[in-house]
């Protein structure tokens, strides 16, 4: 593809940026899928801190795991989220979903105790407050898990993605779980890009790989690549085959 | 088969046209199945621009992903959809499906804000407006996802396909997901032709193949073939075995 | 088996007739199963034209795909269905099933616009009109897909098969999809014979095989056999092993 | 096991009788499982004609496939069911199950048009009429298919088996389908013996095997054995390994 | 584990007792899982007769298969249950479960025609009557099969196991079916010990193995071991690898 | 990761502590998953007794299996739970869940017969009573099994985990069952760490492995490791490959 005209956003992870030929397309919605313990949250934080280092404001929507916990874990990588928030480079939304009787589900703002609000509106307000260029949602699953009808689920995703697009932001949205090759989640079709973090077992040896499954508008390395998580975050071995 | 009398439509993808012995049969409805990131949308755009280059008008029904995004991504391939639309060679319908309570689902026209219309009628009107010879629907899944009863689903597909046939058009209809060998989607039986885009993993190497699963009325190469997507669109290695 | 006394019906496909030792037993109901694109409809047409060549009248019940399309595709094989119909050797019923609210499903006659009729009665009338010896139904699935209860499904099949038996006809009934070895569809138990058309992938090479799974009352070659579809219809390699 | 005291019933199939060390235990209920086309009905007929040859009366309950068809097919093996029935050595019950609205299912006697009866009572009456020592039910599935609740299904089977036991008969009951190793049908636990007829595919070669999965009260050869169906019925290669 | 202080109960099967290092822990509830025909009932009878030989009274709860049939089959192994019952060393409860409308299920005492009782109370009364030290339930599945809600099922099991524990008995409880490695039934978690009887097919050869999956409070051989059933009951080859 | 600042809690199992580089992070919630018989309860007891040896009080919530049974089994490892309870180093909650009609489920305190209480409140009170630093819940499954809606299930887990976090405790929570690689349970995403205990069968040899699947905030050995259970508890072979 003649992607000379597509402007890019660095993910801050060297190997991934190389696989993408210079970062993700600006204003893309990237879905990040993986099972427990693959490092999805770490990748979102690394992405955010890379944007912060470029002085690009971010809105981080944390669902379920308290943001406080993430802030603490981020320190192990040398990432100071509190400072970035004080500098107005980050707004964090700390939300959990409470199911009531009769299937009604309501978000609650953990920090402010706020109830009866729309996540989309909160994101919009936060984006405007700091002029955010990035939105991170971790995990999308938390919003979808209460809805079992696939048509309704699809609509919830579309609504959220439309909000992100209307705000002209680039987004990283995580999804719990990893589909196998040629299986997929509905949200993979709706996102502009999909990155998969997988674990495989080969003769009782664990192999962790990252694969870019989809990236609209640009060329990219679509092969799976091994990765490790070090004290400086993700390291992707993008120039080597997985098996040697 | 003595297919000398079947008139053909070039897909614009050299390898596929060669596998088909000269293109798809005129007035066929071709289903294009594949998981996320295989290039279904790119293939539909390449098909359309090939028709446009022959001055054959097309109606493009875009569901979910905003048409605007597709138009933008098309530019990376050197395809100018806006010009084609200005030249009356393309009409785009930009639709999304909204589920209401009690299972009622309604299409909304993203561009015109129009509601309470029938997709079939819109297609019919658009076809008439520019004398279209081709209809592209991307993806069909968006129309079917709200319906869980298989009998009802089958009927929705039949209705849509009957409209296409009545308009005397050739059609490319995409379907999200890829059935395995000897599994299938209902819509594969109802379509005249089926093209599958698949990803397989062999020793942690990704292999992408295209296979023509079905094509009523003509002979064709039914073997899977490797493909890549380049700045000029699909390139299919139709003269080589997948594994060397 | 001492099958000397079983009178036979040639299928018109040399390889299959050889596998059967001279054709299917007279007055049998044969189920033909296969996924999309395996050639089920072509096989039914070849069977019918072989009967027509022997001046044995046939009733062809076409569901979903318009009969007109089949007639067109048949011409590529040199089969002139219109002439046969004019000669009173074929009656075609062109039916589609429409689901109404509350689960009621009604057949509609595409050609005559007729509604509120029983498929069984139409078949019976058509058989009597031309003194048909053969009934073809393509596909049975279309009648069953609206019913999810397995007991009810079984009854629908029994009713249809009883009608065929009462008319003293031999029948080919197609079924969409292909069960794996040791899996099956309910209709396979109720039919007198079952022929399976399958696709398998071996190292990214497609292999198409035909297998006679069941044939009451006679001996037959029960091994899978490769086949191709040529301008003269099915060609089955019944004397070779599938893998060489 | 010290099975000297268990009196045996010959099945009439030499290989099976050898695998059992002299036949099935008297008064056992044997379940015969297999997919379409494995020869379940042929085996039941061969069993019955072997009993008839020893002048032991049998009640044959035929469900779905008309008894008339079975009688016809039996002739290919040289088995004259009509004569046996005339000699009062066989009573055949020709039943099909009709589902009404609201889930009620009723058996109908195909021969006599009788309705509103209990299958258990009919079997009991028939057994008494000719002093039957054997009951054959082909297939049990037809009675169970209308019931989806597993507790209810289990009860239906128990009721039928209790009737058979109360009549002091030995029984062969067929079941449509073949569970894989370590999977099973509920009825396998309730029967005294289970014989499985399976098809496997090995490198595109079909292999048909018979395996005795269970036989209460006696020792038996529990290995799978190849079989063919010849003009004289089942032939089981019980002294050879399946693969050579 | 320092299991010097755990008092043991011999199972009466030498190989199993050896695998357990001297028998099962006193007052344990052991679940015995296996598909049809693996010998679950034989194992329960062998266990019981071993206890009887040590003059330890047993309550045997037989569900579905009439106790009478088991008593008969036991004779082939030289086990005289009638004598043991006459000697007050055995009480047998012969129960079957009858589902009524509206999901209500009631046990019926086959011997005494008793209805409207609690199985737990019957067991309790029987244990007290003869001072039983062992309870055998064959199969538990019969009690659970009518309940589809997993929470309710779990509670039924807990209730039964609590009764057994309150009576200070050691118990063998059979379960129909065999979970694969790393799959399981709910009852496996609730039991103190689990023994699995499995069948595997290797190149068309049947291999039967017994594996102790769990045994709270003691060390044991957790490897699968081949077994056969001989005229003297179970023989387990506990000192050999399964494959040689 | 620069985990110098994360304070650690020894698990008391040398091999696991080594794999973790010094123990689990303080105030983490660790999920311990495994099928029946892998030693989940033993691991929780070993963890607790290691804390007791450091004079750190623990609250142990035992569900289903009576605590008394665990106390007994613990003695085989030389662990005296009664003494620890007398020393106010342990409080045990002995709870079982009773489902009532209409889906209402209520916990019952086995020891005190207490009903109508909240498990969260009981845990909170117990933690305060002895100043507990550790909470063990065995198994979580017992609380979740009565709820089938995944959204509601997720909420139940969140509520419990929030209570643990508010009490500033480190927790071990067991989960019945073992997901395969790249499958998972919802609770794995919500926990801070996940340890999997698995059984695999290789040529009829059982292989037991422990794998740390996830541990937020620190580096760890993520490879599977063989383990055995000895009279002194878990022994993990963390320096050897599983297969040699």
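Think of it as A, B, C, D, E and F in the order they're written, each chain with its own count starting at 1.
In this text, a contact is a pair of C-beta atoms (placed from the backbone, for glycine too) under 8 Å apart; a residue touches a chain by one contact, two chains touch by 3 or more.
Here the structure is a predicted model, which is why all the values come from computation and not from measurement.
Enquirer: Which chains make contact with chain B and with chain D at once?
Expert: C
Enquirer: Please decide if copies chain E and chain F contact each other with the same set of residue positions, more than half shared, or with different positions, and reply same or different.
Expert: Different: fewer than half of the residue numbers at the chain E-chain F interface appear in both copies.
Enquirer: Taking the mean of the CA coordinates per chain, how far is chain A from chain D in Å?
Expert: Centre separation, chain A to chain D: 60 Å.
Enquirer: Taking the mean of the C-alpha atoms as each chain's centre, how many Å separate chain A from chain C?
Expert: The mean C-alpha positions of chain A and chain C differ by 52 Å.
Enquirer: Whole-Å distance, chain B centre to chain C centre, using C-alpha means?
Expert: Each chain reduced to its C-alpha mean, chain B and chain C end up 30 Å apart.
Enquirer: When you check chain B against every other chain, which residues touch at least two of them?
Expert: 200
Enquirer: List the residues on chain C that touch chain D in their complex, please.
Expert: Its residues touching chain D are 1-3, 5-6, 149-152, 154-155, 158, 165, 181-184, 186, 188-192, 194, 200, 207, 209, 211, 213-219, 222-224, 241-243.
Enquirer: For chain B, which residues count as touching chain A in their complex?
Expert: So the residues of chain B in touch with chain A come to 35-37, 41, 64-66, 69, 72-73, 75-78, 96-99, 105, 139, 141-142, 145-148, 176-178, 180, 198-201, 203-206, 208, 229-231.
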